[in-house]
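There are two complexes below, and they share chain A, which is joined by chain B in the first and by chain C in the second.
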Partner chain A sequence: MLFKLAIRNVFRHTRRTLITAVAIGVGLMFMIMIDSMFGGMENQTVRNILETDNSELVVYPAGVFEDRFLFPLDTLIEDASAMSAELEQKYPDVISATPRLRFAVFAIGPEAELFALGMGIDPQKDADVFQLQNYIDEGRFLAADGDLVIGSGLAKELNVGLGDPILVQTRSRRGVMDVREYEITGIVNTSNPVINRNAIFISLAEAQVILEAPGAASEINLHVKGKPKDTDRLNILGSGISEDLGASYETYTWRDLNAGMFEIAGQKQSVGFFIAFIVIVIALVGIVNTMLLSIYERIPELGTMRAMGFSKGNIRWMMLMEGSVIGFFGGLFGVVLGLVVVILFTEVGFDMTPLLGTYEMPYPMSFVMRGEYNFGYMAFVFFLGWIISTVITLIPARKATRIEPSEALRST
Partner chain B sequence: MALLSIQGLTKDYKTGKVITKALRGIDLEIAEGEFLSIAGPSGSGKTTLLNIIGCLDVPTSGKVSLNGTDLADLSNKARAELRKDSIGFVFQSFNLIPVLTAFENVEIPLILLKWSKRKRKETVEQLLIDVGLKDYIYRRPNEMSGGQQQRVAIARALIKEPKLVLADEPTANLDSTTGMETLELMKELNKKKDTTFVFSTHDKMVMDFADRLILLKDGKVSSDTGTRNTPSTKPGK
Partner chain C sequence: MKRLLISILGIALAATSLEAITASQILDKVDANMVASTMKFSAELKISISGSVRTKEFKGFSAGEDKAYMEFTSPSRDKGTRFLKLGDEFWMYLPNVGKAVKIAGHAMRGSLMGSDFSYEDAISNEELAESYDASLEGEEKVGDKNCYVLKLSLKEGAEGSYYTQKLWVGKESFIPIKAEYYSRSGRLMKDVQILEFKRISGKNYPTRIRMENKLRKNTWSEFVLTDVQIGVSIPANVFTKGYLER
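Coming up: the complex of A and B.
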């Protein structure tokens, strides 16, 4: 009976109930949207990293991890191809391995010159670990020594195109300055802006010659079985490999290599959730207000109920059920609205290019932001909205139970 | 033994620093099956007295016993239980729950008493037929006239067959014909079920209709007619 009464009371003022439920729903929708947005950003970032920059596990010479962005040539993995082959053979979880040799480059075009990231890669082995070959926009992927593939953003900055000459200036391992002219044989346009805007790819053999580092590489990238986000498993495998390789080498996961970036993303996510929390608090103030209004309107009715023998507990339960019904519909509405937004976000994406213009994204993600489906979180948000709406109703319910029947009936 | 015994009952209301003496020492005994009217001008203490008898309010001093139970000894919960089990209320503004049908309004006291659904249905429908609402059983209050709503309220007060029904100016919001019909219905149920009716009024017609009339003035009993013979049909017929 209390439930029947609660349902009918809630719909006594349909418009007010709907407005409150919509307010709760919008708050919950924001939570779902922010989760989807950050989840999508993280997924995209992880995918972009793994497809172009670092694999799931990366072997470095000991001691270079901290200075890896300075591209030290004095400490390299010597005979890197042999080590790659050995790692592939020895570890069943390693699907493929490829060495990469990174170096600082001064790229000189006919009209401009820029510092860039040079990367020597083994075209065949690299394609087993990364996906660069799938992002060739113009020309071809590295096919022979002497080929050069340039990131689309860097090409644009240098104002060069396919077939144009480009000078690559670098310093060898012994400190000898080397300048070579290449013809651009491919332009790569990945979904990783860091690569697009900075990278120049040449063959590993060519890079080893320029840098006077025969057979050497800065790192060995390992593509391993299982989900990349399962970092516990990656850490176990990485520790095993490090142990086997001895003290001269260290193994890091893709997450270790991008820890700073995920830390910033985590902080932004916290800010996002804080905003969603504020929206929900506002919605909950709305439900308290709605319930208080409803109580003030029904004082004589509540007095009558008390006169008939309804206990304070009965009244409290009825109020909680009313809040719960509003919360249920608010939660449902929030999830439906959130799902619609997430579908739009995920399937269509949100093109941020007009907003960002030429701003250089600090993260390896494209300007078209996409969400992700997280049905577990949606269910969590639904129950969260429902439960909090019910619990918050304890405040107005307390007011309702404190109404003295004689006072209430006097206001008839 | 009297159903209701009141001795030295006083009730003060405090508003800020002002103390209003609503009841100034009432002594009264009401027997089972009485059909009694408490009359008096506005502010004479009628509603306060009914509220205290109905366990809706507590006295400042004095003793009220219902069926031998001293109401002063009861906790809030026990008073709610007593109201649920033994007292029915009829209000001036009917006070039906607007979102419930006549049937559901009358059914509530039986739900609180945990009657079975089948038994509730039979009993409620029969009583609503008895009070002349056969065609209004599943109507909501806003689909009924004032007289019909008051009949529902009377049915709601009587459905659990309480020892005592308290009615606070039950005819005040009704026209004289409907008011008289309501009184006759109450009287009929009083005779049929031997239920004690205590109702407040300041309507002369209602005062004349009661078996016993108690007049209140300034929070005191100014006169008590004792049980008398009253007309059982409409005056003037």
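Coming up: the complex of A and C.
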């Protein structure tokens, strides 16, 4: 009977109830949207990293992880192609594997010179793990020794284009300098600015000659089955591989290799959720306000109910149910609205190009922002909205339970 | 007959004198001049880019192969910029950063203050004979100076920046009046000329060195050393990070 009464009370003032439910719904919609946006951004960043820079699991020689950005050539994986093939065969979860040899380059164009990231890759094997070949803007992907593919941003900084000559200065394993002239045979434009701004790709065989490191590579990238975000699974597989390879090697996940970047992204995400939290608080103040108004309007009625024998507990329950009903509909509305926004965001995307102009994103993500479906989070948001709306009603309910029947009836 | 005998004797003597000195002996003499146990100096660094010349002043200390210190004293925007080499480590201190920053190995080949000298060129104090095999290619005149032409090839397994070097070593001074540095692929990277040298502490030591980075266009740089003191004692604390960040 209390529930029936609560439903009837809620729909007594349809407009007020609707406004409150919509306010809650909009707050929840923001939470869902922000989650989808950050999830989408993270997915895109992860995809861009995995398609161009690091695979799901990367094998390094022991001890170089911390110094990997200094491109140490004294500790490399010797006979890397053989190890790569062995890893590919031995582990059913490893779809493909490829060695990469990273080195510091001093790139000299006709008008400018810049430090760059050199990468020796095996074009065939690399294409089984990464997707660079799909991002060639001009020219071709590495086809033969002597080919050079350059990141679009780096080419722009050096003021060079397809077919232009470029001098590549390197230092070999024993410190010997080498300078070779290449013709640019391809320009790669990925959505990963680290690659676009810094990278120069040549064949692995050629890099090994220049660096006096025959057969060697800095790392072996393993493309692994399953979801890349499932880092627990990756860690288990990585630990197994490290154990099998012995103390001379270490295995890291893509997340370990990009931890710094995700830490910053995490901080931004916290700010996003804080904003959503504020919106929710505002919506909840709305529900408290609605309930209080409803109580003040119904003081005589509540007094009559108390006089008829309804206990304070009955009144409290009735109020909680009223809040709960508003919260339920608000939550439902929020999730439906959120879902619509997420569908638009994920399927169509939000093109930020006009907003950004010539600015390049500092993270590996594209200009078209896309969302992510996170149905678990939507369910969580629904229940969160519902439960908090119910619980928050305790505040006005307390007021309602304090009404004395005699005073209430006198006020009529 | 007498004239013929004198001619034969002359030729024989010339041949003997040519054989008398080997490539490695020449290189040892070069090292004896060019490598200082300890050194203290003041210097000017002239940098010419497309005809416009800038001058920077600095002072420096070095001890053996492993320790070197440089501090720029002018112009005002470079004043206080300091460099320290400690073994394989190389540190830079910028006054506006206020902290010593370690320079990565590959950055050592970067340009020193925008000049044609790399950091490495500027602080290297290593004996060439340690890392290079020398062969005598002949004799040539550089300007008015008679020189031995030496070809240096990096020894198998040895560490060094340049794969081959060609030196024109003054027959009297035993300093490389001219040098060319080549990359592993045989490309000329740098051209060096010693324009002046002085007799200091029993060594012929270069005091004006001009370098042209052949990978750049229309540039040259010159080190002009003044007040060079060789074999002097240098306080040990100079070669510390604390002194760099003082």
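Everything below uses one rule, namely that the second predicted complex is superposed on the first by the 402 of 412 C-alpha atoms of A that agree within 3 Å, B and C clash if a C-alpha of one lies under 4 Å from a C-alpha of the other, contacts with A are read in each partner's own complex, and residues count from 1 in each chain.
Rule of thumb we're sticking to: a contact is a pair of C-beta atoms (placed from the backbone, for glycine too) under 8 Å apart; a residue touches a chain by one contact, two chains touch by 3 or more.
Values in this document were obtained by computation on a predicted structure and should not be read as measured data.
A.B. asks: For the overlay on chain A, clash or fit between chain B and chain C?
C.D. replies: Pair status: fit.
A.B. asks: Quick one: is A:Ala104 in contact with chain B, with chain C, with both, or with neither? Answer first, second, both or neither.
C.D. replies: Once the two structures are laid over each other on A, A:Ala104 reaches chain C alone.
A.B. asks: On the A-aligned overlay, A:Pro92 touches which partner chain: chain B = first, chain C = second, or both, or neither?
C.D. replies: Neither partner.
A.B. asks: For the superposed three-chain arrangement, provide the angle chain B-chain A-chain C between C-alpha centres, rounded in steps of 10 degrees.
C.D. replies: 150
A.B. asks: Can A:Gly246 be said to touch chain B (first), chain C (second), both, or neither?
C.D. replies: A:Gly246 sits against neither chain B nor chain C.
A.B. asks: Does the superposition put A:Asn9 against chain B (first), chain C (second), both, or neither?
C.D. replies: After superposing on A, A:Asn9 lies in contact with chain B but is clear of chain C.
A.B. asks: Should A:Gly260 be classified as contacting the first partner (chain B), the second (chain C), both, or neither?
C.D. replies: After superposition on chain A, A:Gly260 lies in contact with neither partner.
A.B. asks: Taking the superposition on A as described, I'd like to know which of chain B and chain C A:Gly376 touches: first, second, both or neither.
C.D. replies: neither
A.B. asks: Look across chain B and chain C in the superposition and give the shortest C-alpha distance you find, in Å.
C.D. replies: 71
A.B. asks: So in the complex, which bits of chain C are touching chain A?
C.D. replies: Those in contact with chain A are residues 104-107, 109-110, 154, 157-163, 183-185, 187, 189, 215-216.
A.B. asks: Flag every residue of chain B that touches chain A in the complex, lowest number first.
C.D. replies: 47, 51, 54, 56-57, 76-77, 80-81, 83-85, 89, 91-93, 95, 97-100, 104, 107-109, 111-112, 156, 168
A.B. asks: Give every residue of chain A touching chain C within the complex, in rising order.
C.D. replies: Touch residues, chain A against chain C: 70-72, 103-104, 106, 108, 113, 115, 167, 169, 171-172, 174-181, 210.
A.B. asks: What residues on chain A touch chain B, complex-wise?
C.D. replies: Touching chain B: residues 1, 4-5, 8-9, 12, 300-301, 303-312, 314, 404-406, 409-410, 412 of chain A.
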